[in-house]
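To start, the structure itself, in structure tokens.
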């Protein structure tokens, strides 16, 4: 199945928006405008863009601590997203929770999480909701290679497989967890192999190939929407930046970043698009200019947004 | 590899001791002599006897809520074991904790557990201990089919496989968890299949065949002692009694008990022993008489042991 | 009004709510034949809404919490309070933070039910009262009914609450009977109840120990002491005013709970009163709690239990 | 004596103990470059004893607890206090019950270390102070040092303790420097320390807020109030006598902690004093704690923090 030009450009645009947004976040963080603890998504853009572009409205997404890319790819308003990272009142969540906890239910982003593996149980609930409503929607749980070690991944798949819940576990295997390389804390090559233990499909895909990701998620989603239950999709990718902004690259070997740079998801896709005659460099430049403008505006919006005030300390701690 | 006569008789004796002990427990419980909550091991004797007989001194065993069979098979003093169930001072644990929590480190029983799947993380520590001491010993974690669903089983295997810990996870798949049949909460036939997800051996064995269990555990133990890491062994078996004494058989279909009775681990092994000419019925009767006497004595011992007194309420809450 | 048990009253509330709201569902492990089952009637009426889960507490909790974040009202059955720590992250880091994170743009209506309490020799992993582990976590409400009518009314309010509610039922109360209002019945969260009026000392308690307090109060009459007994009913939010009003009258306070002593919610009440109405106190605030030790089995457990005598002794020390 | 940071002091204790005892080992996830690393020196000296684990908190905890049950002395690093609930069953149902279950025939020497505290905008799953969740569990000791020398001495005592010890280090203390005794150094568990003498009011605190109390005490001098400041150091077992002695002198007590207010250990102290030395009190017992809400990020977090002003206000209300 080949993809049409428009779709391909959408995927491109989505990846580029993530890239430019994260670059801006980095800039603002280093300028002291963003407080706290920021986990950049740079290098993994093809996963977010590929997965989220294959979804339908009302599908549910549960993200992890490195979820800025997911939010962008889902169409969360960049202004509000940036304001949340700044800790400002107009943020997606009122500026109280920050990068690790962004949600936007309108765009399907039910939860993010500062607890590694913490979203996986919740994703069971989101999938249960879809099944209970019998609405043909699916839930996506994003999880890192490190997070896949958590028992929650096992319990989520055990539960979902028994009840044939429409849940897709997307393992973003960027081959590192914190400063620990994949091989140091895993005794297998492919985490998708675990699918056999639940009697469900498991697929490994090149996570730097946005079209490939889009395809396999589409397949898994069809399977799920048909009532055939959950799947595991393992996307092999690489985080180009540090674990958090400020990490100089602990746990990586010399040359690894350079090696993966050759497989950069955006530039390799650009080359493919141009080779196929889908777009011209000029069109790409226009997209870049547009996206860059959106991101600049988002930073300005965040700067101008006020800080939350004292009442925000206690608002909505308990449900209204 | 065929087993010599003495070993076979040992296995027989071990199974029969469990059977007679559990029958006595039932009797005493129904007579109101044993308080609380008792989970009988009846029907699963071949697993405990097969596993524990294949172990060496100083190997470590971690049991679950249905561990009376393990304790007996490990050689825990029946007097003390019974006294513990009675809540008496001379119990293995001073009579304060009861059936779900029996330990006897001298006989390798490091922990039992009222939390399903609760022993699995601890078994990682026991295996780590063996590896750290480099003493060639192994740790056994017993776990039910229900308990294998817990995330702790995943995390234990993930951890143990990475560090090649000498750990054997013995899944006692008695095809039921509480009142829930295996098929209602599993999407696979064999839980041992999960081993592939950790790159470790996984074996399914007839858990009602004591020799077969003995053999596969022996193999896995050799593997572990050689520094080759953990294994999963799934023993298919059947709990003949209720989940707890008092359960009339919730969750079982009509005729299932009868069907499994034909595969009773003791009577089928008896038939094999006699057919092979390993023992005479007379010898078997003598063993039964001996074992029955031991169990009677254990009950008398427990009856005569005093209750713990008030000081016991606060003793050893914190380490001395 | 109908005579029904505490367990039946809870089930009655759930059934009534399920009839009105198709988006209420339950997830939990099978209760093996009904021991301490507090949902039986509703279960029989709506079997398809009761999901019998594997022994996957984090996924079960996540199922309930996640579905409630998406728009359902969920009941999560954790069986025993001591098992809740198995899914503690899901409750502490996830459920408790949902409303705050959503910042008014979403809810998390999930009732997390478990059995608590000691007294039937189930030992140290099946017998504790952990209310303060939850009360201490901002974002969780905590409800612990004592009487059948309150059990019904508080379950209804819990089901209609838009955030997570920990609902602890005591093992020794399940079969207790009482008159319970028919049809829809609500008891608001956060309101205590004076279950015995008195003027000499205030006994504050919740769940099973309320019964023990009532017994102690009867015994104290012989000593010429007339004790007021307050059933707190809801631990978070808790009804400070009700207790203050009583203590302003009696001048003496004894807090009675089955919790382990150190770091108990009983301490929270004592501390709050010692701060807020110090001048109304005629003497020290006493606490009658379990000792700081695990719950033993058998005869030893009897020595562990809170008894009327222990309460009476604490009261007498104030006179 | 050498000048070293709080983090270095802890590492120094561990290294000294590891030199003497080959059966001490560590398990934890990698600290990503050393942020809040309190074991660095020991790690460099004994790399083979530091196990970098997968993100398998229940297995990591089980590894440490299980190995300690078999005869080792283990250090478990849980990184953040907020992550401990991820392995709560292992700590609450398992570790805490080992000594009781073994009934004198075994131990469980494991030091469970995590970082606690707010103030650096890490948000609601990385910033809480959960000491009372552990203090409330019989069988767990809880240690929270403030100063580098105590950090070393308490770590040594924790490592030599035969049961589980929760050892919480505050995020804002790691780089603080002080004079620390060289070589083996012990501070006994369960002993508080008067870190500032005074006669008008007693401030009891632990971990970072002790610093805030000292600041408040200095400011209060201008109001003519001379505050005594006690660093509790160990939460379980806690040093009642030290506090009582101080309050017998001052007649006034303010407990200051970073915990969420309701159900806090600060309440335990207040409740205990209100029971045991009621007559020595000249007025209400005040608590200065965090509000009952999650910790926010950014500028809003500044409003959340405990400040000298908040403490001073509480103190002034007693005069």
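Labels for the chains are A, B, C and D, by order of writing; each one numbers its residues from 1.
Note that in this section a residue touches a chain if its C-beta (ideal position, glycine included) is under 8 Å from a C-beta of that chain, and two chains touch if they have at least 3 such contacts.
Since this is a predicted model, take the numbers as computed values, not measurements.
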| item | value |
| --- | --- |
| Given chain A and chain C, the chains that contact each of them | B, D |
| Chain at maximum distance from chain C, centres defined as averaged CA atoms | A |
| Distance from chain D to chain A - Cα centre to Cα centre, in angstrom | 37 |
| Averaged-CA centre spacing for the pair chain B and chain A, given as whole angstrom | 45 |
| Cα-centroid distance, chain C relative to chain D, in whole angstrom | 30 |
| Centre distance in Å when chain B and chain D are each reduced to the mean of their C-alpha atoms | 40 |
| Multi-partner residues of chain D (each touching 2 or more other chains) | 53-54, 56-58, 82-83, 86, 89, 93, 97, 100-101, 124-125, 138-139, 292-294 |
| Sequence positions of chain A contacting 2 or more other chains | 96-97, 101, 113-115, 118, 149-152, 155, 158, 162, 184-186, 317 |
| Pairwise touch network: line, ring, star, complete, or other | complete |
| Sites on chain A touched by chain D in the complex | 35-37, 86-88, 95-98, 100-101, 113-118, 146-147, 149-151, 177-180, 184-186, 243-244, 247-248, 250-251, 307-308, 310, 312-314, 317 |
| Contact set on chain A toward chain B in their complex | 149-155, 158, 161-162, 184-188, 191, 193-194, 196-200, 229 |
| Chain B-touching residues of chain D, taken from the complex the two chains share | 23, 25, 27, 51, 53-54, 56-72, 74, 87, 89-90, 93-94, 97-109, 138-139, 141, 161-163, 237 |
| In the complex with chain C, residue positions of chain A that touch it | 60, 62, 93-94, 96-97, 101, 103, 105, 110-111, 113-115, 118, 120-129, 132, 151-152, 155-156, 158-160, 162-163, 315-320 |
| Complex contact set, residues of chain C against chain D | 82-83, 85-86, 88-89, 91-93, 96-97, 100-101, 124-125, 132-133, 135-139, 236, 259-260, 262-276, 278-279, 281, 283-287, 292-294 |
